[in-house]
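The structure under discussion appears below in the form of structure tokens.
For reference, chains read A, B, C and D in written order, and residue numbers begin at 1 within each chain.
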Amino acid sequence: APDPSGVDGQGEGLKQRFHRVRQDSMSITALLHAEDCVIQSMPDASPIRWHLAHTTWFFETFLLKPLAGYQPVNEAFEYLFNSYYNSVGAQFPRHRRGLLSRPTMKSVFEYRQQVDAAVIDWLSRQELTAEQREILEVGLHHEQQHQELMLTDVKHLLSCNPIFPAMFDHPVADQASPASVEWVGFEGGVRRIGHDGNGFAYDNESPRHKVYVHPFRIQSRPVSNREYLAFIQDGGYRRPEHWLSAGWAAVQEGDWQHPLYWCRREAEWHEFTLGGLRRLDPAAPACHLSYFEADAYARWSGHRLPTEAEWEIASQAAAPEQILKGANRFVDSGRPVHPEYDPTDTAALRELFGCLWQWTSSQYSPYPGYSAPEGALGEYNGKFMCNQFVLRGSSCATSANHARRTYRNFFPPEARWQFTGVRLASDGAE
Amino acid sequence: APDPSGVDGQGEGLKQRFHRVRQDSMSITALLHAEDCVIQSMPDASPIRWHLAHTTWFFETFLLKPLAGYQPVNEAFEYLFNSYYNSVGAQFPRHRRGLLSRPTMKSVFEYRQQVDAAVIDWLSRQELTAEQREILEVGLHHEQQHQELMLTDVKHLLSCNPIFPAMFDHPVADQASPASVEWVGFEGGVRRIGHDGNGFAYDNESPRHKVYVHPFRIQSRPVSNREYLAFIQDGGYRRPEHWLSAGWAAVQEGDWQHPLYWCRREAEWHEFTLGGLRRLDPAAPACHLSYFEADAYARWSGHRLPTEAEWEIASQAAAPEQILKGANRFVDSGRPVHPEYDPTDTAALRELFGCLWQWTSSQYSPYPGYSAPEGALGEYNGKFMCNQFVLRGSSCATSANHARRTYRNFFPPEARWQFTGVRLASDGAE
Amino acid sequence: APDPSGVDGQGEGLKQRFHRVRQDSMSITALLHAEDCVIQSMPDASPIRWHLAHTTWFFETFLLKPLAGYQPVNEAFEYLFNSYYNSVGAQFPRHRRGLLSRPTMKSVFEYRQQVDAAVIDWLSRQELTAEQREILEVGLHHEQQHQELMLTDVKHLLSCNPIFPAMFDHPVADQASPASVEWVGFEGGVRRIGHDGNGFAYDNESPRHKVYVHPFRIQSRPVSNREYLAFIQDGGYRRPEHWLSAGWAAVQEGDWQHPLYWCRREAEWHEFTLGGLRRLDPAAPACHLSYFEADAYARWSGHRLPTEAEWEIASQAAAPEQILKGANRFVDSGRPVHPEYDPTDTAALRELFGCLWQWTSSQYSPYPGYSAPEGALGEYNGKFMCNQFVLRGSSCATSANHARRTYRNFFPPEARWQFTGVRLASDGAE
Amino acid sequence: APDPSGVDGQGEGLKQRFHRVRQDSMSITALLHAEDCVIQSMPDASPIRWHLAHTTWFFETFLLKPLAGYQPVNEAFEYLFNSYYNSVGAQFPRHRRGLLSRPTMKSVFEYRQQVDAAVIDWLSRQELTAEQREILEVGLHHEQQHQELMLTDVKHLLSCNPIFPAMFDHPVADQASPASVEWVGFEGGVRRIGHDGNGFAYDNESPRHKVYVHPFRIQSRPVSNREYLAFIQDGGYRRPEHWLSAGWAAVQEGDWQHPLYWCRREAEWHEFTLGGLRRLDPAAPACHLSYFEADAYARWSGHRLPTEAEWEIASQAAAPEQILKGANRFVDSGRPVHPEYDPTDTAALRELFGCLWQWTSSQYSPYPGYSAPEGALGEYNGKFMCNQFVLRGSSCATSANHARRTYRNFFPPEARWQFTGVRLASDGAE
């Protein structure tokens, strides 16, 4: 994939890109109060302040600390803002991140400024080795991943408040009804998937390798709220026959009766959005579904979820401009981050990117021949290959230039707070 | 007890007192950042922002809402800031108070200002009924209670942070060694305890009633760190024979090896204080002990804790100026809130007030003839008479004019985050 | 109290009594299958097999092991069947007692026989010292306490089974309606309570001491199912104003809507008994109430629970034959153990003993001047004086000669599986 | 696979096979006491008595109840002994199976006899439909699966007892050192896996389908205790770099320092076996490993686990007599069930069957084109395809004629109480 910054290589272009990605985190933060930035609403989520510091720690730890003479900004941060890198050292426990009222936001902003200045200074002074360039790239993509998490984590936090505060000033607008859904067919046979080495990719997307796929069909767009409501109205959440055993346990323990951010108010369905609580829009894509819900919906509908190989093969025809869609629209537009169908898109497969992550039926496993890189960055992806399902595409909260056809996102099957939905598949005619 | 505001009655004096008590909460808050004010570090503690809003809700709910034509500031606050008054309505769950990032501090300050203005306006315009006067008194004492909790709750929060932030700029100073401890004896017989109806008291201090006490002795001052260290060094935390069964379970489950805020650094004992981490001062009073620790220490020492009747009888000789000691010293002095012995006090019994709360061996039960008042304020005290032990006196974090000889503070036996310590007693010669 | 075995002293009489008490445990066991005897239905309960072995361990540990030349039956039992005596050594964790399928019942029966033979042999061969006599007494009372627990623990176990197995062949019979309830008044003043040293008593009943009581009235009999139903029908379990705060939390967490063993079947109230499930008998005493329920019922009724001093003073007029009532009736009668009113009793206060334990409002605390005995037996009672309420009297499951006016039974306020009920009290006219 | 009973088809042969399989469950039980048969040692395990009744319920529910005029033995059993078939009805909660002391073993034996008689009677009277034949087959394989669980569940129960009771009279014998380990290579390409429809198989083994495999090598035998000890001695359980993130969490939360049934006694490694505690035999296969341990060991060794496709392809050369190895040897031999290497086997790949289940790196997912059967039996396998890893082969506790090359066993990655071990694989030369 071409460097979306428009400047391929080192020097000024890279500095500009570094500056822009770092600034995007601050733009998200500018929409919030200090009070919103320190609370941890559940063990899976982290405070905004932690994201801001941790992404900075990442650059400091992997880029700056190896440089001769570099003096860390604050020794305590090594422990406080290490997420899960055992190779670097011990970590302040994840589920206690919300117990830290200090360093204050102001101190974290200063930390960011100091590290940014050091990186920019260093970029100005010398050529990067290939390894340094690679780490800088990982650091930028890492920060973009965390920007999406900042949005999903703060959405979860705000949703816990019975007064349903909005992050954005404007409410989420009504959508036009989506085009009717179509099936797109693909032939079976030996195909290749995985990253081809052109442009940036995470280690878990390699090696590119052969797979055998059977003929399959896949739907032209994700399932809508209106379609998902039919599942609810048919008793979807009360009939165990649609659910995986662990999914049914989650339904019962969590008393699930609808997607995470839905609620009924005065006999009408509402949905909490980053623009506040609104009446549910039946024309919008169904979002914040767990794998369990996606899988149950698919079984109820008589179809199934695609495998990640099927999804990737189907996406191989996507045009580059389709992939770039997710472009942090809120930064420019002031419109709340929320999934929508794009009525102007006329491709056979739409909303592959920039709308919502699509659950696949594939559990997250290493590709044949995969091995994690040496060193701390080898902990980035490989050690999570267990009890997670792969999601493909990208969402309305994903930075545009962070998306790729080969991207393997992953979450546990009960996770619901990401922008996640369903695109159906089925076996094709032989 | 005389009104410590110096003005007994309604009108200007009461307005001034209302203003001063309300201002004290803001003075505490002024020493903190917004980030410190929204986090809940454990289910027993509440965020500062919640204390600020709840104490305001108390005046609004019990004084203003009954007034004709009063318009509540925000309907949502009735639910959000009700602590435990079922008679008023449902409550946002206590253990989730730390999930609320909104209303922001700024909004809560405005809430306080609006309610303060309405109360002052109302006080200026009319005579208070006896019941209104009583509610206003309860509201002021209630806010003073919460001021102590603000200090203990934020101390707990800051203690969870491995960088040990200080609330006060100055560290806690070394103390001079306390006077040697003496025993003071009291005769047995039928005595009276409980509030006599002069001045303000909570319902649980009544009715004044007869008790039969056996001869007893009580120590002249609370146990010091140096004395408590001897217990630790004698294996106090490793020997079940000193402990109640439930206390020994707490020691093992919580891996207790020392008082809550103590830790060892480089082979030396340290203590976390509101002025930051410091070397343990052996000359200071031993503080932040649970009932279990207080009781185990007493058993190890060959003595026991006093009953609450014994403590109250012993305190009956205390002079009014001894009682006024706890005068929120930090507000005027800038010195961190921390318990200390008063070297200038020459009374037989010292540090009854203004140093640390003293555990009694009395489980918190109703006095003979007690019945809770009608209405919501009947929920203030009576419904907690179960699985709590009575503490007597007052602490360095107690407002001076909040203390009384008959005051019955109470906490569960495992609670350690209050300013609590030990004054020993023993059976006297018949 | 006179020795209820009819033989006061050592020698043959003591042997007979030892034999009878030990045999009673076997008689209870004879009504059960091996399958009933190894399961632990909740952490508070123990398997029958554990009770059988632990009571044997008690005699072996405290009586036999100190004897010169005694060889323990099985070294492993010291650890497996020690309940909570830290002075003796470590204990197999209480909540894991149900994980032991071995030693089998057969092995435990053999263990009992070996220890019984050794005790009888020793009793035949020599005079007991006063201390040995005291230990033997404690051991016999200890076993009687465990006999009551065997009945309550197996009742709980059987109640967990949806087929509601009966322990006794015959169902619980209908009762005649109890006499109407009367109030009996007592004057206030300085009174004496506690054991006077004649006959056996536990350490926690001493020393006998003076207390000041206010005038009070107490009801002639415990509350009936019919009376308790009125509380339920008045929304008792749905109205927080009747409950202690911790009680209301228990109601909500446990979804309490009625006493422990009640259930509704086809629109009618039923009760699980040791004779199986039966329609609720409104004429029977209300049983298996927690302190929380007893206290809420009392508040709802406009009265209160008695203090333990009031209860003991009221019981001082009870005749010896009233106290002997609980006499393990099932052993002789084959009738299921179940609380009943005695229609033949014409005393002013009835069912003080032999029906159900009566909650008092007194939290379990040491008497003035109490100190636990030296050595392991000092762990018997004193270390539980925390978060428990005192119950007085005795129940249908108590051995007759185990009951005393000064007996202090104690359980946490949420405990419901004992035979526990309510006798109301109120303040008397001055 | 040919019918291992030697009689292919209906009539007498099938009756004999039914009788033999049913009898095997009783033979296992005969080695235990009633006390061993009712306790549930952890939520994942079930009491022996439950297994005996549930397997009987299976035949009664799916074979007998559909027959005209059949009268169920006991209505309550439908609820009590249904494991997880929502289509049949509600189920007594799995984690409470250990709360049932009734029906007694005797009653369950009678239940078995009644159902057995009804099945035999029915088999004698009429021809089976294809569907009935299929259900009977499933029922027999189902019971064989539970026989293995009976052995693993009772092993877990006995291991919780500090006296380490043995199920078998004889201890586990020392083994001869295994042959040195060899690598066996396989070419890549499109291959077929899954059941071909000849003989019995579960639904999850179908459809037979094409997969693309890359060249790979696999080891000739499972890892031994001696080899696994080297991992421990190299700090395997203390170094997070070998572990999946969730595995490292399991190590820390469970304080794992060695395989489940290992312990150190007097400075020597011991292992709990069904023949009691014994010194660890370094020559025996390493057993009772979780997926996490298997995976960490593989990573530490520089290799990896095989995928299930690789394992199945490798097994395609296995001779029928190799597959039949696991033949419930204890029934005939009296030797404790325990994994061993077969020194007489000279095949290239040994211990594929009859020793221990071998973890694969494949998460348990549906085969392409798989759909669960209609009706209750559709719940047998498909609904568990989440958060489980596939194991291949069979173990020393597996009935010989229960094993197949295409068999897909599955357990969560933290499960350790099955007879599970490691066979290593690695990428082959292209």
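Throughout what follows, a contact is a pair of C-beta atoms (placed from the backbone, for glycine too) under 8 Å apart; a residue touches a chain by one contact, two chains touch by 3 or more.
Please read these numbers as outputs of a predicted model, since none were measured by experiment.
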If you fit chain C onto chain D using the CA atoms, what's the rotation angle, as a multiple of 5 degrees?
180
Listed pair (B-C, A-D or A-B) duplicating the C-D contact set, over half by residue number:
A-B
Same or different residue numbers at the chain A/chain B copy interface, by half rule
same
What is the distance in Å between the mean C-alpha positions of chain A and chain B?
47
Where the CA atoms of chain B average out and where those of chain C average out, how many Å apart are those spots?
38
Counting only residues that touch at least 2 other chains, which ones in chain A make the list?
none
Sites on chain B touched by chain C in the complex
84, 86-87, 190, 209-214, 240-241, 243-248, 291, 361-366, 368-369, 383-387, 413, 427
For a test of understanding, state which residues of chain C touch chain D in their complex under the given definition.
33-39, 41, 49, 76, 79-80, 92, 96, 98-105, 157-158, 160-163, 165
